[in-house]
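There are two complexes below, and they share chain A, which is joined by chain B in the first and by chain C in the second.
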Partner chain A sequence: MTLPQFTPLAASLFSLLAIGSLLLAFVMLGSRWLRDYMYAFGLQSWLIALLSAAMGHYAQVPELYVIALLTALFRGLLLPYLILRILRRLGVDRELRLKIQPATTLVMGAAAVVLALAVSYRIAGAMGNPSSVVVLALTVMLSMKLIGFLMLAVRHEAISQILGLLILENGIFLGSQVLVPGMPLLIELVILFDLLVAVACFGVLARYLVEHAGTTSSLELRRLVG
Partner chain B sequence: MSIRDLALQTGQVVSVLALSPLLQGFILRYEERVQRARGPSLLQPYRDLWKLFHKELVVPEGASMIHFCAPVVAFTAMLIVPLLIPVLTNYPLPLSDMGDILGGGLILTLGSFFITLAGLDSGSAYGGIGSSRSVMITILAEPTLILVLVGIALLAKAMLPFVVNHLLVHEPAVYWSPAHVFLVCAFFILLLVETDRLPIHSSTHIEVYMIEEARILDYSGPLLGLLKWAGMMKQLILYTIFCNVLVLPWALSIHGTALGALGAATALLGKFALVACLVIVVETAQSRLRFYRYQEPLAASFLLAALAVIANQIR
Partner chain C sequence: MSIVLASIVLIAPLAAVALCAATRSARLAERANLLAALVTAAAAVPLPFLAATPQFAMDGYLLVDSLGAWVVLCAALVYLLASIYAVGYMRLLDEPQRLPLFYTLFAGFAWTTLAAPLVNNAGMYWIAVELTTLVSTFLVGFEHAAESIEAAWKYIVVVSAGLSLALLGTVLFYWAGSAVLGPSYDMTWQALAQAAPRMSHTLVTLAFLLVLVGYGTKAGLAPMHTWLPDAHSEGPAPVSALLSGALLNTALVGIVRLKAIAERAGATVLPGTALVVLGMLSMVVGALFIVRQRGVKRLMAYSSVEHMGVMALGFGFGGSLGVAGALYHMLNHALNKSLMFFGSGVMMRAYGTKDMAAIRRVGSYFPVAGALWLAGAVAITGAPPFGLFLSELAILRAGLTPDYTWAAVIMLVLLVVIFAGFLNHFRIMYYSPAPASEPQARTAGPWSVAAMLLAGAPLLLLGLWWPSALTPVFHAASAALAGGHP
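After this line comes the complex of A and B, so read on.
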């Protein structure tokens, strides 16, 4: 596997964008308001789209411009719009019963980042000491995955769970942009439509939850109903 | 030590002394302006100090030596710190090697510690409340502060503020690196917490949640004036560290000429105005947090500092 080489300016630009999206993942982790999650997610998608476009410019892969455009439109506009619509219909605006306070979750997230750093150093060692951008991308990817899992584990609203899933996916996408910039366009398209289907399914599921259980919190789902 | 160095060193202290009420006045005035009120005059803090220094001194019953020592210690501590940090010049002056960043932090905390003692001294209920609350915030803020300082030390491989300043001026790649950006954000939250701003405190005098004001409620006259002035100087010192060491390390006197020092002082005004505008935006947009949610901004700040240390490892 050949890893891309970048100029210092490009490297610092990529680091800044990657770190920015990690920070937005923390905004989602630390906030109680579902609407804030939404905006942070949209902004994160725009940052990743910028990263794709910059990568397309520096690594001379024109396909990436298309991917950047699709990312911005789908993840940055369409998905947030759909989820906002679900939010408005459901009439929930915040996490009510938090098992773990946001401050504690933030510190747990910081621990997750340290773990991700340790792991990506090992991976980077196995890859033959690549540039620091690659290590950073690996770290951000792994820590966004861990944060996504953390959100899935500690949040109970149906909407926060799908957002946890979306952060997880964004993390993998970001990592793939830096690690393998020439990923075929077709795969990207498939992933984007998968996401769309996932959000649509979650919308249906959430409405089903409201109708049958009278709540959108997964805490209430204790009984298996045939 | 040449005459010029002496003059510059004195100039650093004098400019902190003289400009600190102006900064306070700027923030108070324009915060009101943003909220569509008229706001007090820019010079109001100077008039307040003048008034306090001409009032008679009333000492509560049961006050001990601490009551008289504390304002003097706090004020002196704030006079010492400007010797250690780049206020006007970007090179160390003769007395600047008395302490590094941690030393400056120690002296700042010493002043705050004596005010806490003074709050407890007279045994009044309000002083006790204010002292215990401020100690709780210190417990929350101190680990973050240390972590930020560690981050700065790792960034520049040195604990001296002048080295950090030079590094940031000469290497744009470091200035724009994620580690530095994180440190700036973490320090900004600390700045809000330590200078008595929302989302943590409220400086209003008649508040149930008051913290800084409660500690000094027993004081009156010149001693109160000293304490208020020390508080404003602490704010200015923290702003100076934020601007001249971390965010805007430019526009400092390089050769130490009179013109350069004057220009640096003028530039300082502009930098403070920028940061103060940011603080005003935060104060207007944020409402105060409940007491038991104080750890949230500080946890965010801690997280940012931890991320800065990590990002610095990758750099």
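After this line comes the complex of A and C, so read on.
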């Protein structure tokens, strides 16, 4: 196993940032205000950028500084700005009809974290017991994945669905910084760019939804069945 | 030689994109796209026969091998047929000022489906597949009706969520490989295959399952198929053909390549079984929804779910017969489903509805197009003498191993159900008396009939005669998958 061993300080820094990101995912689950989602997402992206930079420093992968900078710019500033524009244009500020209350959703999120932890332990065992940072990163990655899907499933506003997808991506990005810091720069750059294009597409489509379907809530998108 | 041809395949649609984006003339865009499709198809047809030994280009980022070249061949043929058909169909939309945009997106979408199978890097492949979604969403929503925007929205949300699982799986594959190849390496299919025997097989199993669900969403395998009927039925007919005949195969390639890697990593039984189970589920869902379907294009869409299931079964059964059957089925299905969507488009325009209850006496109103469409319907249910009969038979025979006999038997039963259900709809549309409403148009248009004929004729030929030239291609593909050089 060639995973780098980190100093205790580095390990606790990584853990702090990863757990902070996970907590922000819970902030999104617990709120019904769309603006909160966006701020939580922006902050989460900054934490991930910090994590990239710290990883670049401790694992001596200078490319990660570039990734950190781009993450902060793209995910931390540009994407929240784009989402804010979509929010303004749609004129929706919160989830109106919640089928499942935020408190219940939080409990489901906690269950998701437990499941993620169990899977991570299993994988870590198979990988020859790597350091606890790796287990934590894997747990956070899988948890954010599950929480993102939870968001997609229980929230109906178009913007919540975009943010749910972005949490999925953030989780993968966070995990990949710790698990595979050496992943080729090119791939990470293209994925960042791809994300930007994706959000732009979502923005255009959300506008079409308002114009042509008259709603942004997936509850009312039920013309096509069977 | 094969690199030159592959470059032509990749450059021609891009040139069409550039030209269509620059022009405002609908006719020019139409012709540019048609010409690009012709050039692409001409370059793609010989490609699989020249790719027996894999060729690399662009620092190893581009790979021309039998499997990839075969999928490109299928995609290029559908692109050509759909471009011919689109000329007639899109003019009926009566919005000439939007046609350059349509052809820009159309050629761009074709390019992404042609590029993805040739990409030699698991990460880049993911990006290519994601790109297909982003471009095709706007094609699905092109008509701007409430239904098509709803379909486009569901499409992009469901598929992006699915693909994010595939990305997670890809990262886990990279992680598993980094234990062998060091922290930084190029994630080519060869590098992964080479490192596979020393990867942790628990991790690879998890990674493969994530990738299977992820790309399976894109390939329309049940139960992740939910976007497919909406997107296929609400997009313009040429787009539906390209979605069904080209895009779904493109996503299946990734599953097949990574399955070979997972099997080399020691997960021998599970990947094949998982693929067989998903294929089986797709056939069940297809059968149930075909029998009780009301919309004509949704009928075709569920038939695509069914046929992707058949291909998944072929690859899941494995062996040279299973892979050959699945690849042959890929070509047959691409041609046949194009024919079916073209016919549906004609009838939808003529009768002014997608509702099968209003489409009556097709045969007497449309002698030529109607006959072709009916022949296509017989073919798509897997009846002889058409190509799908041969390929389904090959897959069925591949399934008759002690492990998978149960699956082969269920497959046979489902095929019978689908045969009866599908053709019953056509019986009613063709021979039921009392037309509630006369079709508004009485002719199918030369472009539509030409496209349908060009899709239907090879289908009959491929059913009567399995070309012996294909055998080495299929053999090379299955040997590469089994030998770990996917």
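Definition applied: the second predicted complex is superposed on the first by the 222 of 226 C-alpha atoms of A that agree within 3 Å, B and C clash if a C-alpha of one lies under 4 Å from a C-alpha of the other, contacts with A are read in each partner's own complex, and residues count from 1 in each chain.
In the analysis below, a contact is a pair of C-beta atoms (placed from the backbone, for glycine too) under 8 Å apart; a residue touches a chain by one contact, two chains touch by 3 or more.
Because the structure is predicted, anything quoted here is derived from the model rather than measured.
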**Message:** Just checking: does A:201 make contact with chain B only, chain C only, both, or neither of them? Give me first, second, both or neither.
**Reply:** second
**Request:** Report for A:113: first if it touches chain B alone, second if chain C alone, otherwise both or neither.
**Result:** first
**Prompt:** Can A:176 be said to touch chain B (first), chain C (second), both, or neither?
**Reply:** second
**Item:** Touched chain A residues, chain B compared with chain C
**Value:** C
**Residues on chain A lying within both footprints (that of chain B and that of chain C)** = none
**Message:** Under the stated contact criterion, what part of chain B meets chain A in this complex?
**Reply:** 173, 176-178, 181-182, 293, 295-296, 298-300, 302-303, 306-307, 310-311, 313-315
**Request:** Note which residues of chain A are touching chain C in the complex, please.
**Result:** 1-2, 4, 119, 122-123, 125-127, 141, 145, 148-149, 152, 158, 161, 164-165, 168-169, 171-172, 175-176, 179-184, 187, 190-191, 194, 197-198, 201-202, 204-206, 208-209, 212-214, 218, 221, 223-224, 226
**Fill in**
Per the touch rule above, chain C residues touching chain A in the complex are 121, 123-124, 127, 130-131, 134, 137-138, 141, 144-147, 149-154, 156-157, 160-161, 164-165, 167-168, 171, 174-175, 178-179, 182-187, 200-203, 206, 229-230, 233-234, 289, 292-295, 298
**Asked** In the complex formed with chain B, which residues of chain A make contact?
**Response** 8, 12, 15-16, 19, 22-23, 26, 30, 102-104, 106-107, 109-110, 113-114, 117, 132, 135-136, 139
